[in-house]
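Alright, structures below, take your time with them.
The following pair of complexes shares a single chain, chain A, combined with chain B in the former and chain C in the latter.
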Partner chain A sequence: MTAVTSGPIVAAPATCKRPIGLLLVAIPVLMVIWLVIWPIISAVITTLWVKTPEGSAFSIETYRFFFSDGYSLSNLSMTLWTTGVCAILLLIVCLPIALYLRFSTSRVSAYVQGLAIFPMFVPSIILSFAFIRVLGPNGTVDLLLNAVNLPKIRTPYLTPRGPVIGPVWDNIPLTVLILLSGLGAVSNQSIEAARDVGAGRFAVLWHIILPRISNSILVAISFAVLGIFSAFTLPYVLGPAAPEMMGPFMQRTFHELFEPRTAITCAVVTFGFCIVFGLFYVRSVAKNRTT
Partner chain B sequence: MSPRCSARRAPWISFSLDVADGELVCLLGPSGSGKSTLLRMVGGFEQPSSGLITIDGQEITHLLPEKRPTGMVFQSHALWTHMNVFKNLAFGLKLRRLPADEIKRRVEGVLELVGLGGYGTRSVTQLSGGQQQRVALARSLVLEPKILLLDEPFASLDQHLRERLREEVRDIQQRLKITTLFVTHGQDEALSMADRVVVMRDGKIEQADRPDVVYREPRTPFVAGFIGTMNLLEGSVSNGVFNRAGFSFPLPVADGPAILAIRPEALDLTAVTENGRAKVHRVTDYGTHGLVDLELPDATRLKASVAHPDLFTTGQSVALTPRAVAAYRDHALIHRS
Partner chain C sequence: MTATLARPKWDWTGIVFAVVLTLVIVFPLIVVGTRAFTNVWRYPSVIPQEFGLKFWNQTLARADVWSSITTSLTLAATVTFLSALICLPAAYAFARLDFPGRNLLFFSFLAGHAFPKFGLPVAIAGIFLQLNLIGTFWGVVLIQLVGTLLFMIWIPVAAFRAVDRRMEEAARDVGASPFRVFWSITLPRAGPTIAAAILLSFVGTFYETEGARLIGAPQVRTLPVLMISFINNQPVIQYGAVLSVLLWVPSFIALLSARRVVNSGSFARGFGG
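Presenting the complex of A and B:
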């Protein structure tokens, strides 16, 4: 026999489940606070509060030095230049690959996807030496040119252009995957509808596809910029000795010049630039959540 | 048009069809019959391997979709969510480089036509499913295409909205006298809207006729079974009499196998006390009429539509008297009475 009780059925309050969710995120949040947020705060405090014989005093002297020192500024501008060029090149390289992978129905696209993801599995240090062995002095390209009696190429390494190809190659997988996920939201029918009203391929790309994936482009660029701006291995191995990118500059200031405060100042300045793109990313995520 | 398709979607499509100016033709068929593929061929999204598609005598078989004088309304609306209603409609006109005031006049005119006057500044995501489908229709109409292609446009809408929209679409189509190809797998949609219904099966036309003809005079057993409710009895004819599990009916055709088709409304029932040809299995009262499920001695099920369902009860023996039948052999009509 089935008993049915009378009276309204009341849903259990949603707050009952909240503690479990909060507990689940508590550990990673605490780890982020401990390993990321606190070091940032500590670094800012270290650079702004100087120990004097009379005690601690507020000073922006280290920042004043950084932004008036020609070498520091040329390192910063080289980092900005390399990051900007890499971001543009990544977009130029990855967007056609992502478009091809999204809209191609041929079997070749599976192999192209495999190739595009491949750099993800190659460690930066191996990648750096591989590039040197191919494009560097007496590398594969030089040997091939020599075999057909052509002059050697001027190696890009140890010049400001040196670190560009490495980060671009290294960031292709992530950028392609982010763009591909954005393109996944563009339905075939919305593209067919555009073609139906008279849009050619370029008009479809410009008016339909790009506006729909603008968020993904922003996220991909933010990720690439965050990674490249603070990169160390590739600029260290492939880049010039002077000016140098912020990663190697920080490392050398700390380990070779024994100026931890100046190195921390470089890190805070780097963080300042990166957080701008970090905020772009957070804004995009928040925008996606609300739409 | 007479396309033959070698596309992966439906490699078996092969038929010819002429559509008159201002005619609304419904392509009706089960899933996989090739009706959407055919529509996409006319729109330019699929290429036939041979054959011709012509509009007003101009061959368009190999033209790109953007070059064809067709307008397509998709099942999923396919609106561009980053544009508001006005921009969705104006996009095609801007590509044609029309002056801004002309674009504004045409967009506002067609929005009035579909009952969305004043909705231009709304985001398409703020609209209901029915309103979104009207915007999709308006987007096609604003370009004044020679042929309007509708690919199951009401499939994602609820029943009530679907009925209202199909009346509106029919009204607009008749007002504009625009030639329309409409793909659907809903019989009621096809029968209520179309000037002509094309019943498709496996990429071929089974029958192309006026809706009432398709319903009353189906030419093949497939059409008979697909359109409306139909009792299909497989049996054999011997000496001018059709026989199946004790059910016999005079059928003046040559001896051999046959399929007898009887509409529920053409099957009269008479209550008998014993030796009935069938037993009542279930009676459903729809208010306006009743539907009696019957069972023949070999467990074959039949349906009969009755005016007074209260006269019949489950388990009752009844005699069957068909008033109109059609008989088929080898997928062809051999007799109608």
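Presenting the complex of A and C:
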């Protein structure tokens, strides 16, 4: 807490001349340059320039290997599948919740909002453990089914469905919050006006609400994609051993196979696949902050 | 899809949502919580055969649990302190001072969030490999520090901006020193939000698993990293359950104190909503 008070005191007078501001922001900005911008440039350079006895030469060999290796490709396609399914499921789950929260005035809605935001306060590692204890072999669901003489479920634990359920659970709060914030821009009057001229619920949703929150929907999708595409913990703990998602794949090549070059190649490939979402996300956040 | 504006007598949609979300979100956690306080719970009994604290004693007697608790707390405290030290002055500068390139630099903190979550740490690990920072405490500090920058700058900037400038100027007009203005006007108003940002950054760092595992393994072992190995290799389920309850404590504190910030619209707007 001391840092809170001691830091800005130096700069308190708003009449300060220019350089002092730059000086105050210098360290965090330099950290971003050193640990965000530079690693990415360096990742691209180290994977494209190969050291040969005669010096370094341009080569796309490591990428050619990645895109011809059956195992890498099946990891990549599993990652794409998981991310796509997660994003769609998140929208299907969160849009109704957000719509309900925006338009409900009942007391139940406060409870629903509390629950929808709650997963934000559950670390994904505890979530993984809870997931295994509930849906895993001989988990609680099996216990309950067994008690009423029903057959056990086909557990999603260690199957490709594991890394779908986990991240969806984990991403509900932010998706709901982002959609809800978008729905805040839809005025009650515009909906009442549409109702007055005889529009039904779905017509209101389709023609009035969805066009106004399309940007929030895209932001929510981008956020989910960036979080899930190369997530590590949930796929590593809940997913199958092979094929694996890009996150566990990178961690394993880096740490267990000691092939940082391969891991960095994978990282650059994930950057490539996510760049559209990343740019869109940054653009919308920036637009939101300035206006 | 209830896009209704009318107020029904019974909010059936709400009740359905409430029941389903309770089952899906609260129930799994109750199962884990119960598991931590059972001595015997064998299949196929629906309720535990014997409740008790046996596994709390056993878990807390493990040296690896204590060393990772210490590691986690030291790491989170170091990262949060350093983050506050470098970010809060910067936040004040962004909110109150004018300097060249202010907007560009302000948005540069988004850069870390424009890339997939684990891809960036792998690229950073490539650099740390050359600097021999892999497997070191300070390597983990650096990677976690980068993760806190956005929140620790953006949330306090919003807090400083929310303080009415006219109040500060009025205080200056009646002769208060800049320090006095900051101490008596700016800080009390911005303080609660800044404290929430510090708390969020502490809790976020405490639970940060991916960077800690990638950069820290095997020498630096935080509580979440230990939890991963419990899930993968530990046949005694209760150890994991007890550790889950222990692990959740910081989050619970955050939940109690940060609700106001999370529920306010500015938090979601920070994510681009």
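Everything that follows uses one rule, which is that the second predicted complex is superposed on the first by the 252 of 291 C-alpha atoms of A that agree within 3 Å, B and C clash if a C-alpha of one lies under 4 Å from a C-alpha of the other, contacts with A are read in each partner's own complex, and residues count from 1 in each chain.
Rule of thumb we're sticking to: a residue touches a chain if its C-beta (ideal position, glycine included) is under 8 Å from a C-beta of that chain, and two chains touch if they have at least 3 such contacts.
What you see is a predicted model, and the numbers here were worked out from it, not measured in a lab.
Of the two partners chain B and chain C, more chain A residues are in touch with C. Applying the stated contact rule after C-alpha superposition, one finds that A:I27 touches chain C and leaves chain B untouched. In the superposition on chain A, contact is made by A:R212 with chain B only, not with chain C. Touch criterion met: A:A267 reaches chain C, while chain B stays clear of it.
Once chain A of one complex is fitted onto chain A of the other, the partner contacts of A:E192 extend to both chain B and chain C. By the document's definition of touching, of the two partners only chain C reaches A:Y111; chain B does not. In the superposition on chain A, A:A241 makes contact with neither chain B nor chain C.
Taken together, the two structures place residues 192, 195 of chain A in contact with chain B in one case and with chain C in the other. The residues of chain B lying in touch with chain A in their complex are 43-45, 64-66, 70-72, 74-76, 78-82, 91-92, 95-96, 125, 136, 139-140, 143.
Note for the complex: chain C touches chain A at residues 1-5, 7-8, 11, 13-15, 17-18, 21-22, 24-29, 31-32, 35, 43-46, 81, 84-94, 96-103, 105-120, 122-127, 129, 142-143, 145-146, 149, 153, 165, 168, 178-179, 181-183, 186-187, 191, 194-195, 198, 207, 209-210, 213-214, 217, 224, 227-228, 231-232, 237, 240-241, 244, 247-248, 251-252, 254-255, 262-263, 265, 267-273. Residues 187, 189-190, 192-200, 203, 207-208, 211-212, 291 of chain A are the ones touching chain B in the complex.
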